[in-house]
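Just so it is clear, A, B, C and D label the chains in written order, and each chain counts residues from 1 on its own.
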Amino acid sequence: MPADYLVRRIAVFFIIVWAGATINFFMPRMAPVNPIRERLLQALSFGGAGKTDMEAVVATYEARFGLDQPLWKQYVRYLGDVAQLDFGVSIAYFPSKASDIILRALPWTLGLLTVATLIAFALGTLLGALLAWPKSPAFLHYLSAPLLALSAIPYYLLGLVLVFALGFTLRLFPLGGGFTLGTLPSPTFAFAMDVLYHSIVPGLSIVLSSVGFWALSMRGMMVTVQGEDYVNYAEARGLKSRDVFFRYALRNALLPQTTSLALAMGYVVSGAVLVEVVFAYPGVGTVLYRAIQTFDYFVIYGVVVMVILAIALVTLVLDIVYPLLDPRIAYKR
Amino acid sequence: MTGNRSRVALSVEDLRVHYHTERGAIRAVEGVSFDLLAGERLGLVGESGSGKTTTAMALMRLIRPPGRIESGRAQLGDLELLSLSDEQMRQARFAHISLIPQGVMNSLNPVMRVGAQIADTIQAHEQGPGGEKMRARVSDLLSLVELDPDTAQMYPHELSGGMKQRVGMAISVALRPQVIIADEPTSALDVVVQKRVMDTLFRVQGELDAAVILVGHDMGLMAQCVDRLGVMYAGRLVELGPVQQLLEQPLHPYTRLLVSSLPSLDRRGEFRGIPGLPPSLLDPPAGCPFHPRCPEAIDGCTTKIPGLTTVVADDDSARIERRAACHLHTGVTS
Amino acid sequence: MSASLLEARRVRMEFGGGLFERQRLVAVQGASLQLPADRPVVVAIAGESGSGKTTLARLLLGMIPPTSGSILYQGTELKQLDRSGYQVFRRQVQAVFQDPFGVFNPFYRVDHSLELPVSKFFPELTRDQRRERIEEGLRAVGLRAEETLGRYPHQLSGGQRQRIMVTRALLLDPKVIVADEPVSMVDASLRATILESLFRIHRERNISLVYITHDLTTAYQLSHTILIMYRGDVVEVGDVEQVIKAPRHPYTQLLVRSIPLADTKRRWGEDPDGEPAPSQGGAGPETTEQALSIANGTGGCPFADRCPHVMASCQQTNPSLVLTDPGRAAACHLYEEAPALSAEQIATLSHGGTEGT
Amino acid sequence: MNRASLAAMVRNHPQLVAGLAVVFVVVAFGPVGSLFVDTDLSRVGSAPANLTPTVDHLLGTDAAGRDLLAVMVAGTPLTLWVGFVAGVVGLGIGTILGFVAGYFGGWIDTVIRGAADVLMTIPGLLFLVVLATSLHTTVTVNMMALVVASLAWMIPTRTIRSQVLSMREAGYVQVARLSGLGDLEIIARELLPNLLPYLAASFVSAVGAAVLASIGLEALGLGPQNEPTLGMTIYWALYYTSLLRSVWWWWAPPMVIIVLIFVGLFLVSMGLDRIANPRMWKATS
């Protein structure tokens, strides 16, 4: 892989993170009233402090976080903080640092999401490919309609139905949580099985509602690819249809599919945040939900930056792997 | 067959291909018959929609729905191509009859190395040549078409148009077929490169002792490349004969007009187009399909379809036989 | 010096070279050509793909501005034309393109392509007058209105579509039509008809033609003079009869020999007069990109790597056009003794003017 | 349209017809429902709280004393409105930016494409969460629509840009220029008509994405607290743990309507896609 490609791609990574962080910084500051200040005043008034006291506390707080500085200084300082993953102190769980709260939740989300997304991607892509193959068994084609219907349902709504059906009505699975309440996280086999058991229904809701999307786009790509000259030529050369399918059609149809995997990660994250709320899963989504409920701004903004960072990382990795799949790409910009 | 008559490599009889659309059947190929002699170069010319490419694809059994081969026979040695099972036909492709498709330079798999695509073709037909042996064979094939053996390690996008054309050629001769069909093999190439590519094709053909069907619309290329020429019009073969006589004394009025419409380096400021339009294949006119445009049409032309009949025959060799599908030439002379 | 209608004066066109592109491609390298104002001429620009002929056509049409040099219409540089002057240029210099399908907007019937320019440039005409003008234009290229108007492009043949495009150009009363490979994508049997309609409007309506082609035989048929281009350079220019029948530049010689003639008595690779080739063209580059990067890389003759007559000087300097015969010039070190030419003299050679002799 | 052409339409474009029918039913649900149901009952405290479905309250009432059928009748048009406005605004911005970037190219293309690419990588919902929390004050339905629209323009921008980019080089654009047309005329008369089916399909997808985003925001509690939109209804259902209390009539009806909206829009966009890209679909089915 040429070095300039790598450099360019890493630059893109930083641009994405920078853009996300910047939006995060400026948006609350462009609002008519500073919501952070408002929230601080509100929190303090619950404490019964007088008006002048409150202003004093807020002023101290602002001085400590540099909120009284000129905007550009605040911005520079903020970028420095982001680089160190320091998002300030949680208002609701004072004095916990926002980054600690998020970092504790992040592995849960990443674990659930990565595994569920990859399963959905693999299953959906295979299914989509088979749907486009004239020789695939007929029953597969009957699968496409329900798959399409499932892909039209948002993740979290499907999650609701699954909780109700599998958890509440049939009592096969727990109603929520990442592990059985009362147990302590420990590196034991029993605990791992418990985590797995708790993740099946939330994972299922992600897989079920996104597998149709993958199947559909893969089928579309396969149909397009099967009209390509190189597939016709492979067939004309007397290659076995299995070879034509796997070595010529599938291989090429996978390329755009892989590109959209990176993009889809972002959308899955959005949807999965809500899945966590439905399942009270101890991930970033639940942290975000609670933060919104309590107007815990530093945690909210921290979550946003962390998730953007994670996604930018995933796209970076995929883009670095991509030239290995497509020999033409290294030459393109 | 022995004796004076030339040995026939491929015999095509009454080939019909129709495309079934909502508005009716498009008769793309309507009763085409010809013999391809061993080692000869036969050209098939015609304008787009005349059925020349469909004929080539039908011989490879690569007609896709809604198209269908309605009837015909294509005898290649012991094989009757049109009645083979799908699996038998797969095995026959490129082993007995191979194709350089139109635009072969854009038909290579972009994510596979060129050598692997040549090897694929061999492996699909032979048991187990692998590793070093296969590599040597691919190298030989690339050298045969005047490419560096290292080309095997390259991807298609790293090659020029002419080089990809040569790769297509290497693939088409990999299994030493008796017949090679080349469909407009040089239409996307510059004239200078075109000549070099055609020279290579015919040198390789000679080494293999294969017969070639050259499909195209460039009369100049045909004049310089083929032994015999077939002219197609509206899905039918209207004239077939040795290329020199066909160009100098065309029998069919369409051929005559076609030849006189060609630019040459003798005339300036003089253009002789063929008036009128080719007929609809969905609803062809009664009688000879050319009669609405024919300056020499006679009474029978509007009602009776002329068959391809021998006009000039020679018992010794099919190579100089001349045939035409025209009511003006019904008698056999010799 | 006689007044010129349309003129290219030492135009050079480079592509790329932007912030992110390392390589610049010189598509046209200092080409000069001229159409006279006093009489209609047919000038052919011939060359293989990547020779720069289409770029030169786009420059002449004012569709792209040259990197250096200038395009003049009736003596004024295009970029100095005022609004109304530009409108006149736009109307009077028209084009016919290669792809007879892509030039039609699939959303509209073919009428759209004809009505649009008329209503744009002749807004004073009534509906009936416009219709009459269109029908007359169709007749001029041998088409009948009732067989073509009201149809969608895919319902017509390639030949019909291309002749409608000739009509479109004709409707604007042009003085010049630039035809960029007008017959390379239509069937052989229809080519003659299209070329015939072009030739007829040249004769009957006194329209000058610039015929861009890779096919020397149709260039010979249609044009009075010809420019041979190779990798952005004009390598030979002059009277078509002389250039094709007795080419001076080794590249032109190779090109003429490579024409597959529909004549079995002339073997491919021989000169038209039957002389065998001195040697085959070497294994030169086969793609545009390769060719251009080589052309840009060295200071020598761009044909040096394929030339059978290559000499030491060919590797060092790129020869400029010299007058090899009356009315014809070639850019080759073989003719070093011949008199050098100014851009004006080259330009007049391109239309068979008298000053070059 | 006469009966024969209607039948032909159904036969040729079954997805489109079925999708339009589903969308029509959902759209009509609000206006028709309000003829039979008093939408004032969707206000807080207008009925006794936590009733199971009865003849008086067909879908029961929620913890805040709202008749859930009235909530559905009043809320469905609100959710559709959010999707519609966000779709129109998002596609409008996207079309303009896409045309500007694709047609004029140069640095402006680099800026627009870069902005769209970067913003597409950032998960939209999180971005909206920041936006919605920053707005802080009580959100209205129209604000909701604009918030969602702020992220609905990137995909249309990107896709329209690439379409324009390929069309810009088309022969007919060059011919139009030779025929004396200016840039704006070329965009309006030559390019736009060819994009119409494509724009229609984009609009449908944009509406779907906007509905999805608005419901997501609302389910997180960032929606218009005082409006009975479908997403807010789900939020309240989650807030009062209706799931664990087995009060299915609270969360199931909004969900059924949401699913109907998505299935309907999905079918329509599939049908339109078939019209816009016939080649893609020819080979199968």
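One rule holds for everything that comes next: a residue touches a chain if its C-beta (ideal position, glycine included) is under 8 Å from a C-beta of that chain, and two chains touch if they have at least 3 such contacts.
Quick caveat: nothing in here was measured; it's all calculated off a predicted structure.
*Asks:* Could you let me know which interface, C-D or A-D, is made of more C-beta pairs in contact?
*Replies:* Of A-D and C-D, more C-beta pairs in contact link A-D.
*Asks:* Cα centroid separation between subunit A and subunit D, in whole Å?
*Replies:* 22
*Asks:* With chain centres taken as the means of their Cα atoms, state the distance from subunit A to subunit C in Å.
*Replies:* 57
*Asks:* When the C-alpha atoms of subunit C and subunit D are each averaged to a single point, how far apart are the two points in Å?
*Replies:* 52
*Asks:* Averaging over Cα atoms per chain, report the distance between subunit B and subunit C in Å.
*Replies:* 33
*Asks:* Name the residues of subunit B that each touch 2 or more other chains.
*Replies:* none
*Asks:* Name the residues of subunit A that each touch 2 or more other chains.
*Replies:* none
*Asks:* Which subunit D residues touch at least two other chains?
*Replies:* Residues of subunit D touching two or more partner chains: there are none.
*Asks:* Building nodes from the protein chains and edges from chain pairs that touch, which of line, ring, star, complete or other describes the result?
*Replies:* ring
*Asks:* Give every touching pair of chains, nothing left out.
*Replies:* So the chains that touch one another pair up as A-B, A-D, B-C, C-D.
*Asks:* In their shared complex, at which residues does subunit A touch subunit B?
*Replies:* Where subunit A meets subunit B, its residues are 229-230, 232-240, 243, 247-248, 251-252, 255, 325-328, 331.
*Asks:* How about subunit B: which of its residues touch subunit A in the complex?
*Replies:* My answer: residues 60, 62, 90-95, 98-99, 101, 103-104, 106-112, 120-121, 124-125, 155, 157, 171.
*Asks:* Flag every residue of subunit B that touches subunit C in the complex, lowest number first.
*Replies:* Going through subunit B, the ones touching subunit C are 47-48, 160-163, 190-196, 217-225, 243-244, 247-248, 257-259, 261-265, 267-275, 277-278.
*Asks:* Please give the residue numbers of subunit D that touch subunit A in the complex, ascending.
*Replies:* That would be residues 114, 118-127, 129-131, 133-136, 212, 215-216, 219-222, 234, 238, 243-244, 246, 248, 251, 255, 258-259, 262-263, 265-266, 279-281, 283-284 of subunit D.
*Asks:* Of all residues in subunit A, which touch subunit D in the complex?
*Replies:* Where subunit A meets subunit D, its residues are 15-16, 19-20, 23-24, 27-28, 30-31, 33, 35, 38, 131-132, 148-149, 151-154, 156-157, 160-161, 163-164, 168, 175, 219-220, 223-224, 226-227, 263, 266-267, 269-271, 273-274, 277-278, 288-289, 292-293, 295, 297, 300-301, 303-304, 307-308, 311-312, 315.
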